[in-house]
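After this come two complexes, each holding subunit A, first together with subunit B and then together with subunit C.
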Partner chain A sequence: MSLLSLRAARRPVPGVFVALAITLAVGWLIVMIDGGQLFNQSTTVSLLHVAAGLGLVAVGQTLVILGGSLDLSVAYVISLSTLVAAETMNGSDGALLPAIGLALTVSAAVGLLNGLLVTRLRINAFIATLGVGLLLKGYLDNGYDGPAGTTSPTLVQTLGYQRIGPVPLSFLLLVAVTAACWFALARTRFGHHLVAVGGDPEVARLSGVRNDRVLVVAHMLCSLCAGLTGIYLASRLGSGAPRVGTEGLYDLESIAAVVIGGTALAGGRGGVVGTLGGVLLLASIDAIFNQLEVDAFFKQVIRGAIIIAAVAVYARRAMRKAAV
Partner chain B sequence: MSDRAPVPLLALRGIGKSFYGVRVLDGVDLDVAPGEVHAVVGENGAGKSTLMKIVSGGYVPDGGTIEFAGRSCVFGGPRDAQRAGIGIIHQEFNLLPERTVAENVYLGHEPKRRGLVDRRQMLSRTRDLLATIGETTLPADAVVGRLGVAQQQVVEIAKALALDARLLIMDEPTAALADHEVELLYGLVRRLQQQGIGLLYVSHRLTEVFDLSDRITVLKDGRRVQTMPTTEATAEDLVRQMVGRELSSYYPDRAAPEDIGAVRLAVRGGGNRKLRDIDLDLRAGEVLGIGGLQGSGRSALARALFGVEPFTTGLVTIDGKPTRLRSPRAATRAGIAYVTEDRKGEGIVARQSVLDNALLASRAVFPVRSGRAARTVRVRELLATVEVRAAGDDQEIRFLSGGNQQKVVLARWLALDPLILLFDEPTRGIDVGAKSAIHDLVRQLARAGAAVLMISSELPELLGMSDRMLVMRDGRVAGELPAGSTEEDVVALAVGTVSEAAA
Partner chain C sequence: MQLVKRRPLPPQLARVRSGGLLPLLAILVVLLVLITVRQPDFLAPASLMSFLGRSAPLILLAAGQYFVIVSGEFDLSVGSLVTAQVVVAARLIDSDPSRTWPVVLVLLAGGLAVGLVNGLITTRLRVPSFITTLGMFLILVGAVYLWSNGAPKGGLSEEFRRFGRRAFEDVPLLGRMPYALVILLILATLAVLLMRSDFGRVLVAVGDNPRTAELSGVRVHRTRTIAFMLSGLAAAVAAILIGGYSGVSFQAGAGLEFGAITAVVLGGVALGGGRGSIVGAMLGALTLELLFTLMNFYGVSGALRPTVQGAIILFAVAVSTRRSTSR
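Let's turn to the complex of A and B:
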């Protein structure tokens, strides 16, 4: 084994970006043949808006999945966060910051609960976060029939609709959050420990890592990201929406984006940059199909096929690596 | 350092520990002085690994006291022990295959600068550490999963050293090392000793114990039998204290000429990515030893025969009939069994019970061959035959010692009545007592008519067990040697100082 092969292909650029480029190229061609234009101002803007919403959750989801956990409660946290934000603002700009603070605090608290259930009570993350999600669902279904509260106009004008050229402010927020998470994973002890816990919890423990603490923090960060998504959605919708999270399928879509982005579902390998690619890929497919006015059900079939294909590609790669 | 130093670095008094009602350690006392190498030897399940895990904070003892550097300590977890200055090199690797050498070495205590992980410093300190061990070819930013076993062991040592430990525990540090790497380890141990670091050295290889240690403590069934200065100990004494048996009965008798039958497995011109031009005859009733250096293709041969990485060229016949061994399933159905080298990774399902592990192959490959109950009864008998020591059949296998785990793996294959058995380092990380039990089992199987192929890095074992040996080099069979050959003969073929030998 030469030194070169030891170093080669370490943390490669996730293949998802290649897939993204191909998808955009092919999509652009097909849409053009169809007589449309994929990259005009309005389609690009809406693509990036879709990406911003999904991306914020998915980046948070990446953290818990890297740590070997999972969060199925994000969709409900998103809904809850829109309501907390919009109701606290109640249409006025004065309560803007307290409302954002409160929404994020509530979200973080849910993350804390998730984290404690997973670490202290040793409940499987799938079940624990599903349970917490259902708990929130009960509260939301009981208290709300439809939209409630009014988002502050300033927030709507900035986070909701402001753009720099074709790039919405919200997408820049996503880029910033992704960068922050990338930095945390690469350059902080927390990041190193999180990947270690996901890679092999026993190795991490025997190396002196406090596994529980790391996982709880990861869960809180994940829920914070979901809360941020909620605030963004409130800024788009102008009010709190009790079912926006579940209807947007943010729980499963975020996990799909993480997996397409090359993060191992079992944890320990991957990163947020890949997730960003996964999010853009899903958003692009959405945009292309919208342009072509493809049937919504067929769209789902295609997305399913893409997810399966992505996982198959990664599994093959892992197999080849194991054979070396 | 023949006698007790004035202030011991580590003093254990009356340490006890039970798992699920099984007493694993009982009232163990042990001292380590600064700069002393204190060897701990004992049979399978004597409690050595448990004792080491207690000292390093992996387990909390049920009773007794730990004094370190003159202060009484209670270690709630590995982190506490590390803080106090105790490092451990585990018997099984504790590394993250997806991460780099440096990230593994500094896991849990990454160097920081302004609150952030200082990667540059982490890399340069790792390079320095590797250099002090004498390892200069290993890049600090290599991904650990791509390294060989021996290199991973080096990383493991560097990881323990990175803690500035005052006491270093080595649990079977040479299990995965080739001979020249063992030399490096010796040098390293001596250097650490000069720095005043105390070492607790657990090993099954008595040669090492005599070469390195100042004092030896013998454990048996969780109790301390004796602690003595190494100069006063002899190998025979130690073995007798560990197992109550003389050293001479180490290897069972070889096969008599009339016991060896027809060719059972034959390979002609076998090759794949790692192997070339393999010609091989394996006869019923014989133990064919496979020697060679790490990476010479020994394991690749076993894996090819078992269909893990099949031959892509050449012809394999079993009992004269051409057979294609395309998968482990096909190989198992053809009557082949494979006891793998990497027990933890490929041999056992750690969180399943002893019984489930023993039933694994029969359930998977012959799901409906016989009644479920009958099969379970049969496997229980086999577990008893190979003398597995466990709290019960339903105990999770990860709580068993390495030797007992290996016996369970063996029982799993015996349940299939295999005609051909492939053993890859069957006694790695297993102590003297269980080792001879495994040797006896291997020989009994051959005597009962099975054809046995056994890979071993330990030359005494290879020479002691084999009726005939093939030595591999660079993916080929470098030569064949008869029983009664010397270690020099094997090494000469393995490193290639003699060309293709006619044996």
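Let's turn to the complex of A and C:
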């Protein structure tokens, strides 16, 4: 027992960081042979920006997946959040805080709906969040043809473009959110309960965990994270964008990042630190391809192959570990 | 309380459970009534047959998806596979009628091959099928855009398109019989027979408990791989019908994977495997198509459609799950 828990504690650095280091090293070499430079200021900055956007959703996604659930509605929540934020701000700084508050409240409400559908009505999470996504898609398609609202200039200057050295403020936000989630998972009762529910709901229930409540909270946190991504994207784009979430494939990519980061899709195993690694890996691949000026469609093919390969390598390691 | 219920059900109760199609049938009837109120002609044989023909692709995809889901996996790649197949068919045929049949064979083989790759990666490399088929989705979409430089090329021959849009006219009683419906009926019968054969039982056993199945001598990997190949094959046939009916576009298969999975779940099949019938899955697809038709007739604006669809799916699934958990 004590040995097992020791092993679990010694495993916080998943293989994804090895993969990340190798990818960056190989990418740096290839880009250099190609005559470019991977680690100059502008590439690093844009890499971290990509990571910040995907990372915020993916960290939230990690929480629901750990709990044995899933959220396919995040892409629409992101789009909705950019619109709520940008339209409430309407270009003025005065409405900055109320706008952020409103965007997060709306997001959390969607999360609450997801959570209640999954727990109270016992609808499979895949279908429940897909259905909620459709509800939101209809609202967005019906109400908006293109960008709407204007983000407050202060937000654009700070969250959107401010950086400390090569590190954008938004990436620091991601690090802070990841740290908060790590703390919640590793050190709080909620975190332990969530992992227990994801591992075996029946055992958790019999041990006195209120499964439903834990999962609802996880869904709300996930949607909140998606809402944060929306606010960040609004600060980058300067306005609300009704299709930014779906066009960025944030739903599927966030799940991919979580799984690459070593979290089991079935729940109960994994963590947000691995997810951060997964996000950085996907963002690095993006940056390397951009430097090499690879065709966008070809990039997508390689991306698909890399996602599969990364998870295959991870599954192999897990298999070997299980065999020992 | 739930622990007590884990005991095997007595036979008479087990029979009640297999009647889990009732809520779905109720929804089907309600939708039919709502449509007929608006459009009394809908139930006339000719228009009903056309409707069934139009629904054939989704029903086939749902059947294919059923094989994968009941064995405990997912196939998110079917939508992109349909798109890829339609675009590939147009380019290979290039409006030359003599190439129709070879290309049909190429498509069917292609569907099987994609399914085989999905299956091998999922079973041999132990990648969760959600990720395997998601990766395949990205690869197929990227590859097809790359191959055609961003715009579909070539064209489909009339011989190819007739599967999706022609019909046997002047059939007694029925009025007309779309080719698509004939293909659907044949394949659906084969699929039902397949599920009643040994393979079908093994497939369900694998989804219910892979470990037990393996210990009983089932080749779990091979069974699941075959399920993926059947799904790929269904996608190929669906692509032939969709290409025929609505022509070549990069949107040909967009969202079909979610449509098929929704249909399967509507049909009372449990995600995670081991439970549900293929007839239920196909009826689920029919329900979904009826829903789309209903929204057409009631003039729900195109943009609002997803909202209505989402609400009804949530409602329908909630109703059918409520029944199955209270048993």
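By our rule, the second predicted complex is superposed on the first by the 308 of 324 C-alpha atoms of A that agree within 3 Å, B and C clash if a C-alpha of one lies under 4 Å from a C-alpha of the other, contacts with A are read in each partner's own complex, and residues count from 1 in each chain.
Everything that follows uses one rule, which is that a residue touches a chain if its C-beta (ideal position, glycine included) is under 8 Å from a C-beta of that chain, and two chains touch if they have at least 3 such contacts.
All values derive from a computational prediction rather than experimental measurement.
**Q** Tell me which partner A:F126 touches in the superposition: subunit B (first), subunit C (second), both or neither.
**A** Only subunit C; A:F126 stays clear of subunit B.
**Q** For A:G138, select first, second, both or neither according to whether it touches subunit B, subunit C, the two together, or no partner.
**A** In the superposition, A:G138 contacts subunit C only.
**Q** Contact-wise, after the overlay, does A:S92 reach subunit B, subunit C, both or neither (first, second, both, neither)?
**A** Neither subunit B nor subunit C is touched by A:S92.
**Q** Once the structures are superposed on A, label A:R269 by its partner contacts, choosing first (subunit B), second (subunit C), both or neither.
**A** In the superposition, A:R269 touches subunit B alone.
**Q** After superposition on the shared chain, which partner residues are touched by A:V203: those of subunit B (first), subunit C (second), both, or neither?
**A** A:V203 sits against subunit B, while subunit C stays out of touch.
**Q** With the two structures laid over each other on chain A, which partner does A:H192 touch: subunit B (first), subunit C (second), both, or neither?
**A** Touch status of A:H192: first partner only.
**Q** Have a look and say if subunit B or subunit C is in touch with more residues of subunit A.
**A** The larger set of subunit A residues in touch belongs to C.
**Q** State whether A:Q41 touches subunit B only (first), subunit C only (second), both chains, or neither.
**A** A:Q41 contacts neither subunit B nor subunit C.
**Q** Between subunit B (first) and subunit C (second), which, if any, makes contact with A:Q157: first, second, both or neither?
**A** A:Q157 sits against neither subunit B nor subunit C.
**Q** State which residues of subunit A lie in both footprints, the one left by subunit B and the one left by subunit C.
**A** In subunit A, positions 202 sit in both the subunit B and subunit C interfaces.
**Q** Touching residues of subunit B toward subunit A in the complex: what are they?
**A** 56, 58, 77-79, 82, 88, 90, 94-100, 103, 107-110, 112, 115-117, 119, 137, 139, 141-143, 145-148, 159, 309
**Q** Under the definition above, what is the set of subunit C residues touching subunit A in their complex?
**A** 2, 121, 125-128, 130-132, 134-143, 145-146, 150, 258, 261-262, 265, 270-271, 301-311, 313-314, 317-318, 321-322, 325
**Q** Touching residues of subunit A toward subunit C in the complex: what are they?
**A** 117, 121-124, 126-128, 130-135, 137-139, 141-142, 202, 252, 255-256, 259, 265-266, 295, 297-305, 307-308, 311-312, 315-316, 318-319
**Q** Can you name the residues of subunit A that touch subunit B in the complex?
**A** 1, 3, 5-7, 10, 186-189, 191-193, 195-196, 199-200, 202-210, 268-269, 321, 323-324
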